[in-house]
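The following blocks contain the structures, represented as structure tokens.
Both complexes below contain subunit A, partnered by subunit B and then by subunit C.
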Partner chain A sequence: MTALAATNARPTVELAAWARRNTWTLGLLLLLVLLLAFTKTIQPNYGAFGIQGLGTSIMPLAFATVAQAIVVIAGGIDLSIGSMMALTSVVAATLMQGQGDAFGLAVVAGVLLLGILLGAINGALVVSTRVPDIIVTLATFYVWAGLALLVRAAPGGAASPWLMSLASGPLFSEWLPKAAIVLVVVVAVVWIPLARSRLGVSFYAVGSDQLAAFRSGVAIGRTKVAAYAIAGLFGAVAGLSLTASTGIGTPVPGPYTLQSVAAVVLGGVSLAGGRGGVLGPIIAVIVLQLIQNDTTFLGIDPNYALVIQGVILVGVLILGSILESRRAD
Partner chain B sequence: MSAAVTERSGTTAITWRTTLRERPIIPLIGLLALLVVAIDVADPGIVTPSWAGVIVRASIPLAILAGCQTLTMLTGGIDLSVASVASMAGFVTATLIHSPGGVAEGIVVVLIAAALVGLINGVGIGVFKVHPLITTLGMSFVVDGLANVWQLQMVQTGAGVPHVLRVLGSGTIGDVIPYSLVVFVPLAAVIMIGLRRTGYGRLLYAIGDNPVAARLSGVRSWQVLILLYVISALMAAIAGLLVSGLSNTASVTLVDTSLLPSVAAAVIGGTSIFGGRGGFGGTMVGALILTVLTALITVLGLPEPTNQVLFGSIIVIVAAAYTRVTAES
Partner chain C sequence: MTIATATTDLMLEATGISKTYGAVVALKSASLAVRPGEVHALMGANGAGKSTLVKILTGAVHPDAGRIVVRGRERTVHSPAEARRGGLVSVYQDPSLIPDLDIRANLRLTETPLEPFRHWLAEFGLADLDLSSRARRLPLASLRIIDLARALAIEPDVLMLDEMTAALPANLTERVLEIVGNMRGGDRSVVFISHRMSEIGSVCDRATVLREGETVGVVDVTAGSEERIVDLMLGQIVDQAIPQAKREERRTTNGERPRLAVQGLGLDAKLYDVSFDVHPGEVLGVVALEGQGQDELFEILAGSRRPSGGQIFVDGTGVSFHHPADAIRVGVVYVGADRAQALLMQRSVRENIAVPFTAHLGRWGLIDLTRERRIVDEAVRRLQIDARAGNEVRRLSGGNQQKVTIARWVAGGVRTMLCFDPTRGIDIRTKQQIYVLLRELAEAGAAVLLYTSELKEVQLVCDRAIVIFGGRVVAEVDRADADEATLLRAAYHLQSGAALPEQLAASAAEMATGGPTTGTTEERVVSA
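Moving on to the complex of A and B:
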């Protein structure tokens, strides 16, 4: 009897511990639910179709944010993500134009490798020059943006139909956007095994205390290069999802770099490194997008959406800091 | 004998390195001279007094914006809202040209608005301890959004850059000495003397060098930081007024492209992004280097995308060389 009670109690305790560790993410989730309810109130016919559109529109920023989260966890920051997306997107759209499905698949594989290469270059430069991450990736922002313009001076190209079909429409149920499934699958396949591996733990170790990590035998340089390379992989996926959702490649970088930094921090990843995950940042992206949609539904000038985004960003973090200092007292 | 020679040359090399480390501005000026020689080789006869005037005139707004980054970086912060504030300042002044108070009213209004942005930045960073990167990024969204709203309101009235600002931003004495020095020289003098000779300046270094030690010595960091971000925003507004005068353009995105160069100029100028080290002297040279570099790339007559690639690559190389020269062995 007592044994039964004990086995019953165990998962509850673990769940409570998990909830304590992920208070921030749970808070964001609550915010998301409230926002969804609010959206339904102001727009009574918001339903499956709205959710599908939401899935498609969050995809590029969500992948960019996952990329940013990985680098930030490992103690860096990648300001080149926006132009990396532009470069991978134009390369994909240019190569896919007028080609068959099989070739399109090869292009996707090639673009993913390109992303890994670009990220590895960022990481290798950071490690070998010892110039701060923010400066190196600021400089490579220009390099990738220039290369993107060399590939294609104006928006154009085409995406393989199967790639475009991945970004829109539902799967299984009309409430399940295909884009969201792609997002979950890609992130899960790469991040979950990674976070549990030696390499993933090294990301957190290097991010939280480089010296301690070094003394415990973590190869700092290699870990950083790996973090940037994996971020490059996600950056390429973000670029591909741009191509998939628009059907073309655009050489001018979108606002994704700074937005990804914002979403990462809103998602509970500390800019000091070593803390956070990728789930919180993804929820933050959905929250930010939903706020933007709501301002449209309310007929508010879209420019105020930007204002509201900024206020929420700073406001939520101020709230977090107040709550944290209360808890510390 | 040969041993003595080796020893002496060894000592010289060490003195050399020490000099470079203690006076990092020397290699920077060397680099600037090198770039000027390079541009004269690329386009013989281009380097004239009036060319120098053009370069200085173009560097001044960048140097002021980089000054915002220098001051905030000294405390371990950064100000990503400077470009938005600067654009807003130039634009709003231009829209108020027909107001009863005229140009003066416009300038007073934008300085108050800028101070308000700086105040919010400072409160977020100093009081609520939100990361400077995020606070100022969030505020840049807010300022951009509000400036866009203002633009829609003002679309009927029409706008024009006031004559005073055009003269101040782009006029020269004898085709050589830019009028904008009238604004810049006093400002630079106040910054440099302020950093070196006043208690407030020393506090900025102290907070950046070791925030805990500063707090334990009784420094009220939050007051220092609030004032700092107000100063930064006011400087950004002044830079914005000069840019709008220089380019004779009123646009809400006018200065946006200067954000990343402003960070790069401060870092190339030897200010550490981690705080506690640097100064405005190096930053001014950094701004000149970036301007001459842009001119050099333009003279080479390469297509714009190649320029971006070169610009990014050179920033990495300069920053890497600089880090190597000044590194503590």
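Moving on to the complex of A and C:
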């Protein structure tokens, strides 16, 4: 009965434990390095400029994927993210057109609030109606998409110049795209405190085992609404980054909903809920984007490129589940 | 801190608690009064309402009526979190740790202070447990101890332990009892639920007995109070005027080959050396309190779980089932208590009955509808299924649904039927029809294994019964002796009741009290 102090571990031990629990993320990182090496061999002059382009192009999907990851960790799924991005994007582009920087900043704040509201509506509907998440958010997908077309029937509007400058070009070093810094800062500011708070732990608890969570004193309904609301926040950031990178608002939803689900799964988040984080899914987004870049560069027929992406996705997941079941034995 | 001395000296007082689920009355005017420093047993046969009462006290279920007073203050608890703030904490039968979170995060969720938790872990001999391991990766016994240590660390006024020792090996059971015993005479209280009379006798001061949702008595626990508790649990056994299925005395089984023979069946920490035979023409009853391993036994026999040891013989041939289809192929079929798991709720009675013999994937081509109709009609007629709402099985009453699950096997010509509490939640008339049907099946040469939570069914339907306690067969009772009192005593493993084979009685008693001889087999489980 004297071993109380024995668990005060040395840093190396903790690092090893961290690595053991994040093998999936580390594996993805390895895949990313291999892909970068492959990219360099097929495009010998791939360099800082390529990395900058990569940073800009991943931003919308990366934020959408973080949103999706949070909902999936809490045991749900949000199919409305694609049209939520469209709605927030056209609202921002329409309001910013011809206005100054200060007003643009106010618009950004308003759009973020709009995202939180849209997400909270999703969550409240899921909790109060007890209709499955997949149905509720499929329905709201059409609602947000309709609203986006009401705001603006055709692509147009404009983004504040400072917002556009956030999405492209480097900062400090030519190897550091601004977009990547924005991504890291925004995600870190929201996710890191969240993951350490009781609310963040509750997301995992509700997604992992609802009965046990209830017995542990977690308010299931409120936790779900909060997860959807925070997903709405990231959905709005994703919409803003669309506006920032294109300079206009587009009312027709992009392919982001299903891509975000794919990236979340590839990123090691269990669709059954309760497992995973946001780092893995973000790396998965970069991996998917690089694969797309490479197939384009190699001049592969875009239809074949889609087949290749799908095969790689399934292949990685099969490999992962084989390794997982090995480890469980 | 000083305790209020005047108004009430009760720690917890619950009065007039009632709860109904639809037409089922789970509790009607149950009450519980616990003194400070007391370990108070909550007793009752299966379905008496113990678990419902605990869930109400900890806010997991809302009562329809009743008052809960803790330390003299009336409380309404709407959630486990609220109950915890009010000083009521429960350790449930199944662990309430989040499987995907590590222990540290689980503690944060319940706002459990870390140092007291470590202290209690050390008390249980788990001081070197890695708090960053995920709950999913820990063995069940450790999870239960963590659950208990967490509850103790919160220092609740009233700690409720629901079958705390059920999944523990002997050495840990002993330690838990010791610690619970040490809480006597302090300023906190424990509500203790256990099926093991020996544990009640060793740690409890008083016992509240529930029967059919009502508190029927409070007993001081002393030597010999077990009989009094059992009497209260049984109540006055009124003569049930249920017409008995006509039967002839079963012919002697000497030399006859059993239809189903089980030898030395074991499953880690759940079943130990279970052996019995079921002969053609016989209904063998299985009697057990909740969670004594009967669920696992039936799952193994039905082919949905693999045993860790022992053998199963069907008609004298050794079998090993990898899938329920393997069991069905040799004529061993399963009827469960939960109809929803067995039926295609949105399909017709006809399709449901026909599924087992049209669903062989190996058989291609069209379904012979004429033959199917003939067989199904025969089964519907024989079981008197009211099939007016037959287009969708989910519209049928529970009793008729259960008849459909039986009919699907009867239609194919049943050889061995495993029935797991088939009359649970069914009206009395349908129950009787099912009793008659089971007898008829046996008469026609089938072997039936029947687990029932209603003890009086044993004499109505079975030829003899085996009693399972703590994963072992502890008694075999002939129909003539299988009255409710005898069966309940045997199920609680009280030696004074039914005559037990001596060596079995001895080993089971050692197990219940944590004797050294069984420790070796069970210690494996903890370290696994």
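Please note the rule applied: the second predicted complex is superposed on the first by the 319 of 329 C-alpha atoms of A that agree within 3 Å, B and C clash if a C-alpha of one lies under 4 Å from a C-alpha of the other, contacts with A are read in each partner's own complex, and residues count from 1 in each chain.
Just so it is clear, a contact is a pair of C-beta atoms (placed from the backbone, for glycine too) under 8 Å apart; a residue touches a chain by one contact, two chains touch by 3 or more.
In this text the structure is predicted, and so the values were computed from the model without any measurement.
Once the two complexes are overlaid on the shared chain, A:44 sits clear of subunit B and of subunit C alike. Legend: residue contacts after superposition of the two complexes on their common chain; A:17 is shown touching subunit C, with no touch to subunit B. With both structures placed on the common chain, the touch criterion links A:134 to subunit B but leaves subunit C unconnected.
After overlaying the two complexes on the shared chain, residue contacts for A:314 are found with subunit B alone; subunit C is out of touch. Legend: residue contacts after superposition of the two complexes on their common chain; A:219 is shown touching subunit C, with no touch to subunit B. In the superposed model, A:205 makes contact with subunit C only, not with subunit B.
When the two structures are aligned on the shared chain, A:146 is found in touch with subunit B, with no touch to subunit C.
Of the two partners subunit B and subunit C, more residues of subunit A are touched by B. Taken together, the two complexes place no residue of subunit A in contact with both subunit B and subunit C.
Per the touch definition, subunit C reaches subunit A in the complex via residues 60, 79-81, 84, 90, 92, 95-101, 105-106, 108-111, 118, 122-123, 125, 127-128, 130-132. Interface residues of subunit A facing subunit C in the complex, by the touch rule stated above, are 1-4, 6-7, 17, 198, 201-202, 204-205, 207-209, 211-219, 274-275.
Listing the residues of subunit B that touch subunit A in their complex gives 80, 120, 124, 128-131, 133-135, 137-142, 144-146, 148-149, 152, 260, 263-264, 267, 273-274, 303-313, 315-316, 319-320, 323, 327. Across the complex, subunit B is touched by residues 79, 125, 129-132, 134-136, 138-143, 145-150, 153, 258, 261-262, 265, 271, 301, 303-311, 313-314, 317-318, 321-322 of subunit A.
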